[in-house]
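One chain, subunit A, links the two complexes that follow: it is found with subunit B in the first and with subunit C in the second.
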Partner chain A sequence: MREIIAGIFICLGVIVFVISVFGVFRLRYILNKIHSAALGDTLGLALIVIGLIVLQTEALQILKLFFIVLFFWISAPIATHMIAKLETLTNESYEERVKDK
Partner chain B sequence: MYIGLLLFWIILHGRITVEIIVLGVLICLGLDWFMCKFLGYSVKKEISWMKKIPLFFLYGGTLTKEIIKSNLAVIKIILSPKMEIEPTLHTFQTNLKTEEARVLLANSITLTPGTYTVHLEDGVYLIHALDPSFADGVEESVFVDLLRKLEG
Partner chain C sequence: MEWRMWLQKIKDWVDGYTVMIDADMYIANRKRREKWDWRSIIDFIYEKDLHKLHNTLCVMCCVAFIGVMLLVVNDLPQYGNVNNPANNEVSVRYVEEGLEETGAVNLVTGMILDYRAFDTFAEANVLFLSVMGVLFLLKTDKKNDDKQQQMVRKKDAEMEAIEQKPIRQIGAKYLTPFILLYGIYIVINGHISPGGGFAGGVIMGGGMIFYATAFGKEKMEQIFTFRSFANISVGSLLTYFVCKSYSFFTGANHVGWEVPKGVAGNILSAGLILPLNICVGLVVACTMYGFYALYTKGDI
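For the complex of A and B:
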């Protein structure tokens, strides 16, 4: 029973990753691609780790897996931010491709 | 923070023996000294954070909920056959006082797919949104209320 639940979560996570990769190729401009890449970072990773947590029996191992998500969610926004900042600093014509509000 | 570091050390080891604990106590002592001396941590600050632990958990729960919601919205956009998106840049001013709260808000915005922070200076955020609907509620989102409580 436990394996089935874990399997469902891991499969959902892999599906989210597939959609994320699909989106990276489907969206045209780098500032839009980042949104799609963030899918796998957040929900995809979280779902896979939840699946692995369901499989685990030891409390310390579960905490370890939880820390993977915690530290990833702390550090991933910084990478996203740096990519976006680099693009806006180096590409002079980026404002043509976004609609100002 | 010292206790937190020690607990983290033990969790990473996965089992409790005498040598692990002795080594952990020494390493955490050194690390804690470094953090207090160079990174601006202090016992007084940590005690004031301790009182806000329930709020941090509440914040984490809200963040997870928002991430799931916006993930589903972005998945819907990616899988829609026509994909009519209007990427927008959106500027807004926040009234959060401390730098920590501002950075936390910027990271939360970036972590939810559909919006991310391009630039942050003196409380003015430059937000890129995949679709205008994502950027609509960003000034007065649930995060801002929670962060105000965390500050106060």
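For the complex of A and C:
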């Protein structure tokens, strides 16, 4: 039973990752690309790690996996925020680009 | 009769007879020697109408180099052949007796920091030399500074003082200690688990760069100045040198003074690998942060 639940979660996470990779290649503008890449980094990673947590029995292992998610959920948004900030600060045609779409 | 004259000349020269025999002829025929410039041979290259020649020469040089490289590839031994020079007794020896001889569970670390420690020393020196080159070019001091650069730097400092970056600062405040701790963990566990000086040093340098992007120049200078950069880099390289050079003085075989290996798997084991790992990690971290600091603000 436990394996089935873990498998469902991991499959969902992989599907989310595939969707986010499609988005990274399909979308053209950098802010849209960031949006779709963040999907995999947050939801996909969390789903896969939940699946792995279900499989684990020791408390220490569960804590370690939880810390992986915590680290990624703190650090990935900061990196994304810095990329987006650079785009808004340096792109000269930013206003037109955003208004059109 | 010509050759006889030359023979006489040579004979005189050998005997040390310095007076010229045919001095009158020499004076009658002498000319002022033209000053010859070797650059006159390749003068035609500098003419401007020779773009086609330039392109042709470029292509020909490239084709020649590609040809040489393809010839070398043709001479390479067949992939996967048993008799290749790579398949010798060295790898077998590393795999079979590496744990016993070096005391490191991670065989890669045992290889690069014990069997081939001198190679790794040169790699650490390459990192140090590269950061020295960047320092030589980009560090701003009294001699390579002018008013325009000062203006630019002043503007940058003002912009940075105004700029609000709460997200980065909160993130750096909570994440940097853990990133540094993780880097230190990887460096210290280099001989037990995957990792080692280079990987852990890169993580430590990344953490320092993250902190510097969030809190700026002044805050970073409180903990990491140019002086500490120089002390740490040079000190760890010298420590590495001293730790490893003894084995060359003792006949490259550690004869006479064996470092105790300890129990394989403990932190304090594997002889000199742990201090060497720490030295490499410190050099790599300093190099990473040095590049970042020199490229952004021209000073560490």
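Details
Keep in mind that, in the parts below, the second predicted complex is superposed on the first by the 99 of 101 C-alpha atoms of A that agree within 3 Å, B and C clash if a C-alpha of one lies under 4 Å from a C-alpha of the other, contacts with A are read in each partner's own complex, and residues count from 1 in each chain.
Criterion: a residue touches a chain if its C-beta (ideal position, glycine included) is under 8 Å from a C-beta of that chain, and two chains touch if they have at least 3 such contacts.
These numbers come from a predicted model, not from an experiment.
After superposition on subunit A, the partners subunit B and subunit C are seen to fit next to each other with no clash.
Once chain A of one complex is fitted onto chain A of the other, the partner contacts of A:G23 are limited to subunit B, with no touch recorded for subunit C.
In the superposed model, A:H81 makes contact with both subunit B and subunit C.
Contact with subunit C, but none with subunit B, is seen for A:F71 once the two complexes are overlaid on the shared chain. Number of subunit A residues touched is higher for B, counting subunit B against subunit C.
Touch criterion met: A:L43 reaches subunit B, while subunit C stays clear of it. Fitting both structures onto chain A leaves subunit B and subunit C with a minimum C-alpha separation of 5 Å. Subunit A residues in contact with subunit B (one complex) as well as with subunit C (other complex) are 74, 77-78, 81. Subunit C makes touch with subunit A in their complex at residues 167-168, 171, 174-175, 178, 213. Per the touch definition, subunit B reaches subunit A in the complex via residues 8, 10-12, 14-15, 64, 67-68, 71, 74-75, 78-79, 83, 85-90, 106-108, 110-114, 116-119, 128, 130, 132, 135.
Remark: subunit A residues 16, 19, 22-23, 26-27, 29, 31-32, 34-36, 38-39, 42-43, 46, 58, 60-61, 63-64, 67, 73-74, 76-78, 80-81, 84-85, 88, 95, 97-101 touch subunit B in the complex.
Taken in their complex, subunit A has these residues touching subunit C: 71, 74-75, 77-78, 81-82.
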